[in-house]
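Take a look at the structure below.
Each chain carries a letter (A, B and C) given by its place in the written order, and its residues are counted from 1.
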Amino acid sequence: MFRNNYDNDAVTFSPQGRIFQVEYAQEAVKQGSVVVGLVNKTHAVLVGLKRNAEELSSYQKKIIEVDSHMGIAIAGLASDARVLSNYMKQQCLGSRMTYGRAMPVDRIVTQIADRAQTNTQQYGKRPYGVGLLVAGVDEAGPHLFEFQPSGMTQEMVACAIGARSQMARTYLERNLDQLNDSSRDELITHGLRALKETLSQDKELTVDNTSVGVVGLKHETGKVESFKLYEGQQLLPLLEALERSDVGETKEGETMEVDS
Amino acid sequence: MTSIGTGYDLSNSVFSPDGRNFQVEYAVKAVENGGTAVGIRCKDGVVLAVEKIITSKLLKPGANRRISTVDRHVGIVSAGLAPDGRHFVSRARDEASSWRSVYKGPIPISALANRLGSYVQAYTLYSSVRPFGVTSILGGWDSEAELAVDGQVGSGPQSGAGGKVKGAKSGGPGLYMIEPSGLYWGYYGAATGKGRQAAKAELEKLDLASEKLSLHDAVKEAARIIYVAHEDNKDKEFELEMSWISSLEGPTKGRHEEVPKELLEEAERAARRALEGDDEDEEEGAKGNEQMEE
Amino acid sequence: MNHFPGTWGRPRDDVYGPYDSSYLRSTGPKAHTQSPAVTGTSVIAVKFNGGVAIAADNLASYGSLARFTDVKRLRVFGDAAVVGFSGDVSDMQYIDRLLESMDIRENYSAHGNQLNAKNLHTYLSKVLYKRRSEFNPLWNHILVAGFDGEKKPFLSSADLLGTTFSAPHLATGFGAHLAIPILRRLFPEERPIEEITKEDAIKALKECLKVLWYRDARSLDKYSLAVITQEGIEVQEDQQIEAQSWAFAETIKGYGAQTV
């Protein structure tokens, strides 16, 4: 079998100018279970699908609160994510300590991106094997960033990473116009529906395998609505809202068929 | 690529028998796939422009800026691996700020280009690192005014020793392009990235060395050149991002800033018009040829 | 003259006593700055309806010598705040450079998330406190004027120990003794800030500067005055104290060649 000589470390370019070790790290992200993020004018939402190792084991942690105005969703190596999220937590606390101000979202994202880049340019290091969705609010409003092991970060309107995330992205692209004007609760429902698209036939979203994180600006005051993580029984109303919207959707679909 | 398989291209800092460092050449390949970036230097300022290919509909429009401010008077745009570009910019910012802490004033563009050239070159020397996968265009304005030293609280004597020679000139525009090898040159017009060949051809037509082009016209030319360079890549949509640095009398007062939205849109409209005009010419030309063949 | 050329031209021990070389001692505890060198005197500031006014004279003294007479002790930070410095001028220059580099950092990205005066005050007080904890203080007493996160006028002080204090009107140095009583009389506690106009504030500051010029021997009749409102920052440098009257000096007894 052909042996690729250029994929042993992150400090070797292939003749095409690619760095295979970084590309392989991106594969690790695709092995992780899917997470979805999306924003409207006031809120940023993260939703994630949690796996359990076996029937009786607990489920993974997919969404982590970083500070009261920011959270991340992870896909890939959870231990790498922990290193990054600890760093983010410290930096955010540092900002509150020295300036009395919440860390701007783009700045913390740039900082972890720069750390990740370093790991792709020095021998003896390896790229992080995790992708992140960073959701938060600052003076400029709500934000969603995608972070990749390459150190690439992009601000997105909506995004999904992890296994079978393409289905979620397709859903998000199709409903992009609705996202911006949606309400807080509608945005969560859109997130859950995007997540649902990625499930294989025999699976469904339950209070055990779903995780939702919301952060935003309060409608009336414009003040920060602190990051809230919904897990377990707290998810019931959100999943019910999802179900209701599904019913509405199918009805609509049926009538349209009749029309045509 | 005859080199592949000979083993001399597997590690950085290793020369092949014919004196090449293949890892650096491969880094250049990474640059050649990046969105086109150009810089134009004119008498009263510098313009930087970059073509940002829209890789996903989910990207937030207008966000994700690719041109960075290094110090008040300097900007950088890179083509190639974006994370490497950011590393490069962060080094540039450190250099600019360390210059300030030593010399109590803004770093001259030439000095910054020199230091960054050295930095990039160092990444070709060791097998423990890889070269930068970016070519960066550095644009800025050295102030023509007699600047106060950072932190200065009053002024010295108005006359006598230390007085300035009348009519002596200082300051002005600076434009440099730094390659993965660490090589850099000063330019009147610089282009890198995927569409650099087309962009260079357009830049050469502008006769920039005569310094007749105004900054405002340079903004429009830069926009047009990015549009021209994008022609070979037409199936993909792109966003145009531009920044500029003018003289102290000019619109940005010696600072590196985004080109204002209105001017950017005007330049884009003009660029599209110019392209449409070209297409029509070509079509007419083609028709003419057919007739002649008949 | 004796036969020891090393002592020629030196103060004679029999006349001046033995030379005290203790300051050249290289062993023993390390001592940092024990006193300021070139100093600026009072800074005074008043909050008014919709902003803050702040003033300081243009003098830097070297001990009792009026060494520099065109020193600007009000430093503008971006379009957010004005910092007034009393105390050591070289430490002020150092802090000014800190602020300068921070301003450059803050403007790497142009969109939102600017530091306000309150953030700046938090930062500066942390810098001052850190340095005093290293027993190497920055010998300044500063006033920070501007707006806080809620867009309300902000005025607060921080001194070389890192102590912070906030009030509707503040003064440092000699002004704390001479200007504060005047300001308290003009703007008593029960008078709401909303009733104080910009003109009132400026007039009061000018009055205080005049009294300081009369009675503080380390002051000057040239001064700078800055007014911060939502519209922006207006700084006037090289102002002159007007309508001086030294008639009161006749009545002052207790110094000079008076015979009561």
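Brief remarks follow.
Basically, contacts are C-beta pairs under 8 Å (C-beta built on N, C-alpha and C of every residue); 3 or more make two chains touch, one makes a residue touch a chain.
The structure presented is a predicted model; accordingly, all values stated were derived computationally and were not measured.
Core chain by CA centroid proximity to the global CA centroid: B.
Comparing the CA-atom centres of all chains against that of subunit C, the greatest distance is found for A. Chain centres here are Cα averages; for subunit B and subunit C they lie 44 Å apart.
Spacing of subunit A relative to subunit B, judged by their CA centroids, is 33 angstrom.
Chain geometry summary: the mean Cα position of subunit A and that of subunit C are 50 Å apart.
Along subunit C, residues 109 each make contact with two or more other chains. Taken in their complex, subunit B has these residues touching subunit C: 65, 68-69, 71-72, 93, 96-97, 100-101, 104, 150-155, 257-258. Taken together, the subunit A residues at the contact with subunit B in this complex read 5-6, 10-19, 110, 113-114, 116-118, 120-124, 144, 150-152, 154-159, 169, 172-173, 176. Those residues of subunit B lying in contact with subunit A across their complex are 1, 3-5, 9-12, 22-23, 26-33, 56-60, 63-64, 81-84, 86-87, 90, 123, 127-131, 133. Note for the complex: subunit A touches subunit C at residues 97-101, 104, 106-107, 138-141. Across the complex, subunit C meets subunit B through its residues 58, 60, 68-73, 89, 92-94, 96-97, 100-101, 104-105, 107-110.
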